[in-house]
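So, here come the structures, one by one.
Across the two complexes that follow, chain A remains constant while its partner is chain B and subsequently chain C.
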Partner chain A sequence: MSLRATPFHARAVEANRLNAWENRGGYTLAQHYGSLAEEVLAARFGAVLADLSWQWRATFSGDAIEAFVARAFTRNGAALEPGLSLEVLWLNDAGGVRGRGHLVRLARDRFLLVSPQEDRDWLFSAAALYGVHCSEQSAAGMLTLIGPTARKILSVAGIEAEPPPCGLVHLTWRGLDITVSRLGLGYELWCDEDSGLIVWDRLMAAGRPFALLPAGQAALETITCESGLLYPAGDFAPSRDGFEAEPTPQRLGLCRLMDRAHAFNGKAGFLAAGRDTVLSGLLLGVETAVPPQTLNHCGMPIGKILSCRYSPSLQGMIGFAILSGSWPSGDIEAGSVRCRIVDLPFLPIGLSPDTSQSAAPGGRDGTGGRPRLT
Partner chain B sequence: MSGPLVVIGAGLHGLVAATYLARAGHSVTLLEEAAVPGGMCANRVPISNFAVPPGPHLFTALDPRMIKDLNLNLAFVARDLPLVGLRAEGQPLLLPRDVHDVKRHLASLSQRDGMRFAAFRREHFAFARAMRALWWEEGTLDEPARSTLRRMQVTSAAAWLDGAFESESLLAAFSFDVLAGGLSPAAAGSALLFTWRAAQEMCGLQGAVAIPAGGPSQLIAALVRTAESAGVTLRCDTPVRALDSDGESVRGVVLANGEVLAAAAVLSSLSRRQTLIDFLPPGTAGFATTRRLAKPQSCGEAKVLLTLSALPKVFEQPGRYVIAEKLETAAGAHAVARTGEIPADLALEIVALPTGGIPPVLLSILVRPVPVEPVGGWKDHATRLVQTVLHRLELHIPQFTGLVSGLAFVPPKHRDPFSIAAMMSPRRTRIETPLKRLYLCGEAAEPVPCLSGRAARIAAAMVAADLKEAGP
Partner chain C sequence: MPERRGLKHLRYDVCIIGAGADGLAAAAHLAAHGLTVMVVDGAAATGGRCVTAEFAPGFFASPFADELPAIPPEIFFGLDLARRGAILAPCERLSSFADPLRMAVIARVLADASCNPHKPGVFARTPAEEPYPGEAWASRARAEIESTVAPEALCDPELGGSALTLLQGAPGGLVAGGLGALGQALARAASEAGAEISLGLEVTDIRQRRGRAVAVGLSDGRECEARAILSTLDLKRTFLSLFAWNELPKPLVERIGTFRPAPGIARLLVALSAVPQKPDVAQLRRPIVLAADPERAYHAWKSGVVSERPPVTIRLVSAVDPSLAPDGAAVATVTLGGIPHRPFDGPWTHDKRSKLETLALALLEEALPGTASSVTASELIVPPDIENRLGLTDGDLMGGELSAAQMLGFRPFVQCRGTRTPVVGLYLAGPSSTLGPLATCASGWAAATAILCDLKGQP
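The block that comes next holds the complex of A and B.
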């Protein structure tokens, strides 16, 4: 399989000292630029620049676009104002989660979906039922600037426009047409394929006084996990069948992304899948990854581990757990491994070092690590 | 009691469902697009001096409980018809119900097959009986039946029968039945179609076939009388334009004239595609469901009707006559039909019926496998298909064409795509739809499409129970 290069590939080649690459969405991307821990910590205390061009982006437009987005996604995008976005899931007919992404309203009759995993066949064929026109936008460049100094770097670079949370703004930046958004952990900058290297260079130059580092995909995954965001492919396997009822939003603890007030595809399956669950953070008392398994408290099952990874910021293994109902305080077990439940996110992006320390094992809200149930 | 109920389609299934619901105390309106009720059983195909139904002339699956519950008092011209395989050379192969008779008839072809037939049928019927629990009841399968089911799910009808028998004439006689459901006999799981057929019960006999006196239209007439006496409001010439839905549940139906009928529940005896795609806004039934139903079944069965001036001698014994080349060519014929062409190796099922008038004999011939939408349309292919059928009959009955006084052709019906997986799903999943208060009660709710009334009876009971649970 031949891998494609993103618009920033030339700069990634220059910065990738150890030649560590990975394939994501058919693109060749730097796994890390020398040190995963350094990149993760830079995102906590300074800023990192990472390539998101591998993310699947598709636009939907047409007269019946509102009917389509209302039916296709679990939150009603038809109610969005232009320039704003919603985090959505889309389900198959039985209520199994097929994907997660950001639905952005670009104009009255035009929407953009940004997702870590491509689901072209499903969404495009569904759009065809409504006569909605679809096109992929994945060739364009997309960078993310993450960290407490990200805003300052943008200002130094000459980008003063501040998009609203979950929103975007289009602007001309020293002769380049770009879009700045706040859909994820930091700022995303969207540009033409041809402008990619210029954008990269300008941002790196502006970030030099702030020790801006390029970050690889491994760091990005770790930061995402530390921030409490669960994404398909990396953290769970989405359904690839039209009628398979797994994984349900309940099993992934993603019920907060479900809007029960409107009719969406797979709603009946979702409602039939049982009561809501809570996605929670888990601190594990081991240094190696633990496979998905049941969590027990005093021998009684209370939930499941979804995925886990090492956090350089917390100096330990962290993971996602799905909990059903209430559970007692204190230690729980995953097999022979002792764990502790904590609130999500583990570490909110943008917090100062002093604040972030309170999210260490034991919890930061004085509840013995118990997540909020609200 | 809940609000009014609407049943779409006054064919056999629609009439049965409406009658059961009316008897349960509901106010039921039965809507029929055509001028007369009956659907596939209504006499609407003209031939010579008669009109005959486009559907089958013999029944393999009429629900005995439905006949009893609704006091239909059906009379049959012939019951438990034997299967007769017409052979190019030699005597026809007669396969009556009595296994000893079968053994005797098979003896001249294969001693081994004669010996094995009784055990084969015993085991097969036992498995078919067990499968009823899955198909029509809430019951579960015992472990031996489950084990057989696991095997049958991955077994093709062609391989299964080929492994059981060696006589080519016997295998050819089964060729018509293995092409049921529009499925290839080489397809994994097609062996289950044979089991489904054996699981039917006609006239108290498992796997039997029968011809109702007066034809299928008499059955419809009896059902209409029963429905009307139960209080069903039958509205013919009333096509439905759409279902009134809020995207999650159905609130009624919108008629072609714009009238809206509110309903506590809607039962459709039409196909799944018509009900969920044609009557609802796009995507309402689910994206995957819509996609699955978008492509109808590619292969089906056509019907050729011939009136004859005299009954050929070969058809004197009442029976279900099958003309087919070989079992092994049936899969090839199916593959040809899927491409939209008329295959050369067609399997024919022929039933000779007395008309009681002039001409005196009607031959009802079902032809499988044929493309549902042949390349160029049926206008081009119908004549060729009839000629092929006449040619095949001429090979077995010299001077046959000279007896033909009239003919008619019924193209294959558009059906929902058939899958073996649907045969394994519980009955509720076949009857319920993705929308609340919308149910299927026709062929689409059967494990294999057929005219039985069973799905309608079960759907009516399910709807009545659901309405009771939901409360007023």
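The block that comes next holds the complex of A and C.
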């Protein structure tokens, strides 16, 4: 299979000093340009620019579009105002999670889905049942700009328009038609395939006094994890069988993305899958990654480790845990490894140290900051 | 930042003198184990050298160092410092040659700290002590191993034993917002664990009863009793300022009096109206070390003069952390090594400071051409300024020369190695202790381990 190049590939080749590449969504992408730790921490000191063009994007339009999005996704996109978005899941008939993405309302009769995982056949077939027209937009370029100086870089570059949180704006930027959005950890800039290099160059030039570095996909994964978000491309395998009930939203700790008030595909399966779970953070007292396994407290299972990785910012191993019930205070064990449960995010991005204090563990008994199940 | 609290009661398990990185790390560790802890510091803010100052309107820098020796990862992670606001950039490592040895020394001191040598009821003959890791380096010259010498650890690289300067802690990386963010994170860790921090209050003396340190006198006239006292001040200030001379054995006083200071440093903080231009932006993010003759600079320092070409490190700190300068401007620091505390011809005067500043600016221009025209403000810090602001004897940030007679098991001297001192109940952490120059927070952590072992029988 030949790998495709994103609109920013030429600049990635110039910047990729270590020639470290990876394949994602059929595209060749820089894994890291230099030091992974430096790229991760640049997002906390200045800003990083990363290529997201590998994400799958599809538009849906038609008269019955509201009925389709209400049925297909776990949160009701039909209630969105144009220019705003929702993070959604879509389930198969049995309640297994097929995918996760951002649903953006572009116009009254037009929606855009952005997802790390392509699910063309399923969604396009479902849309056809409603007479909704579908098309892919994956050739366009998409960059993300993350960090405390991201806003200043955009201003210096001449982009003053500020999209609302979970929203986007279209604008003409010195002769280029682009879209700026805030769907993830920072800003996303969407552009035509042909103008990718111009956008990259303009942003890098504007970011020179603001400690802007290009970041590879490995750094992006780590930043996402430190920010308390499961990295969709790597943290779970979606159900691709229409009648397979696994993985459930409960097993992935994604119950917050379920809107019980409206009818969506797979709702019966979701409701039958059991109690809600909570996605929580784990600080692990080891230097190497721990495989997914059961979490115990005093020998009693209380949840499960989903994934873990090294955090250069925290200088230790961090992970995600799915907790299925309440638990008493004290240390938690994963096998022989002692862990501590903390609130998510581990480290919010782009906030000052004073505001990040809210994410710090609580009082001297070490029990503060633990999520409570309701 | 923890507010100043009045002392609720004057009896604690542990009294810690100095709210610097080592004192705060020790306080967090001890309080987390259920001991009542009070930290006393005469300064108005916590952190010691971990401070960030606005030296010109809108321009910030850490006055005493850009970065400190790395905090051991287990301490950094254990105290949750990142989540408390201390985000450290990865640093460009010049050498990792000494890393395993440094870690071995830290492990040795921590192991020693967790064994109580005075445990009652143990009559077994004490086995001969294992030599400290790295003692083989005590006869080696630094020049045999590495040619570059950092301004902060200046030595004569041809001298036997100068190889031990390589054990000085590897840089831990710039802190987002300057070193002050690290000081605040440590203070949060200590106060959230339950330690009390009392600022603006000096310790006037350490009081002994029956040969044991049992209390400290405070500048407001009160006395604070404690089962253990931990000093994070340097060796001379601890023993020669806080004890009356006739309270300590004469050989001990004489030994402490001969403890040699390390070569001093000067720092120039520079505000630039424009960001210097270099074709490769990555170069601006790294420290720039200008070539110098360390042997000449070392002997010039011993003679009380400043070398014409001292070892210099130049750092454009705002290239890594833009929050330190206004938009479009920059902050640079120039660190010069081999600066005498008291020049041979008398104290630091305005003229001498001006000459040193001119030298530093010329070196900055050499490293970053074109910066001379964009300098809008600067602040020079020389060793007496460091002594006044931090209370370090001779303004010596290193806490004593890194030489064969003052390193490893001989630091600060044999009877005081590790963290316990000849005065029962008194513990020493900070720059003069064995781990002081090797890693940030490690000496405080080791002292806390020793106190826990001695008071509670816990390692």
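The rule we apply is simple: the second predicted complex is superposed on the first by the 351 of 374 C-alpha atoms of A that agree within 3 Å, B and C clash if a C-alpha of one lies under 4 Å from a C-alpha of the other, contacts with A are read in each partner's own complex, and residues count from 1 in each chain.
Criterion: a residue touches a chain if its C-beta (ideal position, glycine included) is under 8 Å from a C-beta of that chain, and two chains touch if they have at least 3 such contacts.
Remember, it's a predicted structure, so these values are computed and weren't measured experimentally.
Engineer: Once the shared chain is lined up, is A:S35 touching chain B (first), chain C (second), both, or neither of them?
Structural biologist: second
Engineer: Report for A:P312: first if it touches chain B alone, second if chain C alone, otherwise both or neither.
Structural biologist: second
Engineer: Please work out whether A:G266 is in contact with chain B alone, chain C alone, both, or neither, and reply first, second, both or neither.
Structural biologist: It touches chain B, and chain C stays clear.
Engineer: When both complexes are superposed, which of chain B and chain C contacts more residues belonging to chain A?
Structural biologist: C
Engineer: A:R240 contacts which: chain B (first), chain C (second), both, neither?
Structural biologist: Touch status of A:R240: no partner.
Engineer: Touching A:P148, do we find chain B (first), chain C (second), both, or neither?
Structural biologist: Second partner only, chain C.
Engineer: Regarding the shared-chain residue A:R4, is it in contact with chain B (first), chain C (second), both, or neither?
Structural biologist: After superposing on A, A:R4 lies clear of both chain B and chain C.
Engineer: Mind sorting out which residues of chain A both chain B and chain C touch, each in its own complex?
Structural biologist: none
Engineer: In their shared complex, at which residues does chain A touch chain C?
Structural biologist: Per the touch definition, chain A meets chain C at residues 34-35, 37-38, 41, 44-46, 148-149, 152, 156, 208-211, 283, 285, 311-316, 342, 346-347, 352-354, 356-357, 359-364.
Engineer: Would you pull the chain A residues touching chain B in the complex into a rising list?
Structural biologist: Interface residues on the chain A side: 67-68, 71-72, 92-93, 122, 125-126, 129-130, 241-243, 263, 265-268.
Engineer: Note which residues of chain B are touching chain A in the complex, please.
Structural biologist: 246-248, 281-284, 286-292, 434, 436
Engineer: Please give the residue numbers of chain C that touch chain A in the complex, ascending.
Structural biologist: Residues in contact with chain A: 31-32, 73, 76-77, 80, 82-90, 174, 176-177, 181, 184-185, 188, 192-194, 275, 281-282, 285, 319-323, 327-328, 330.
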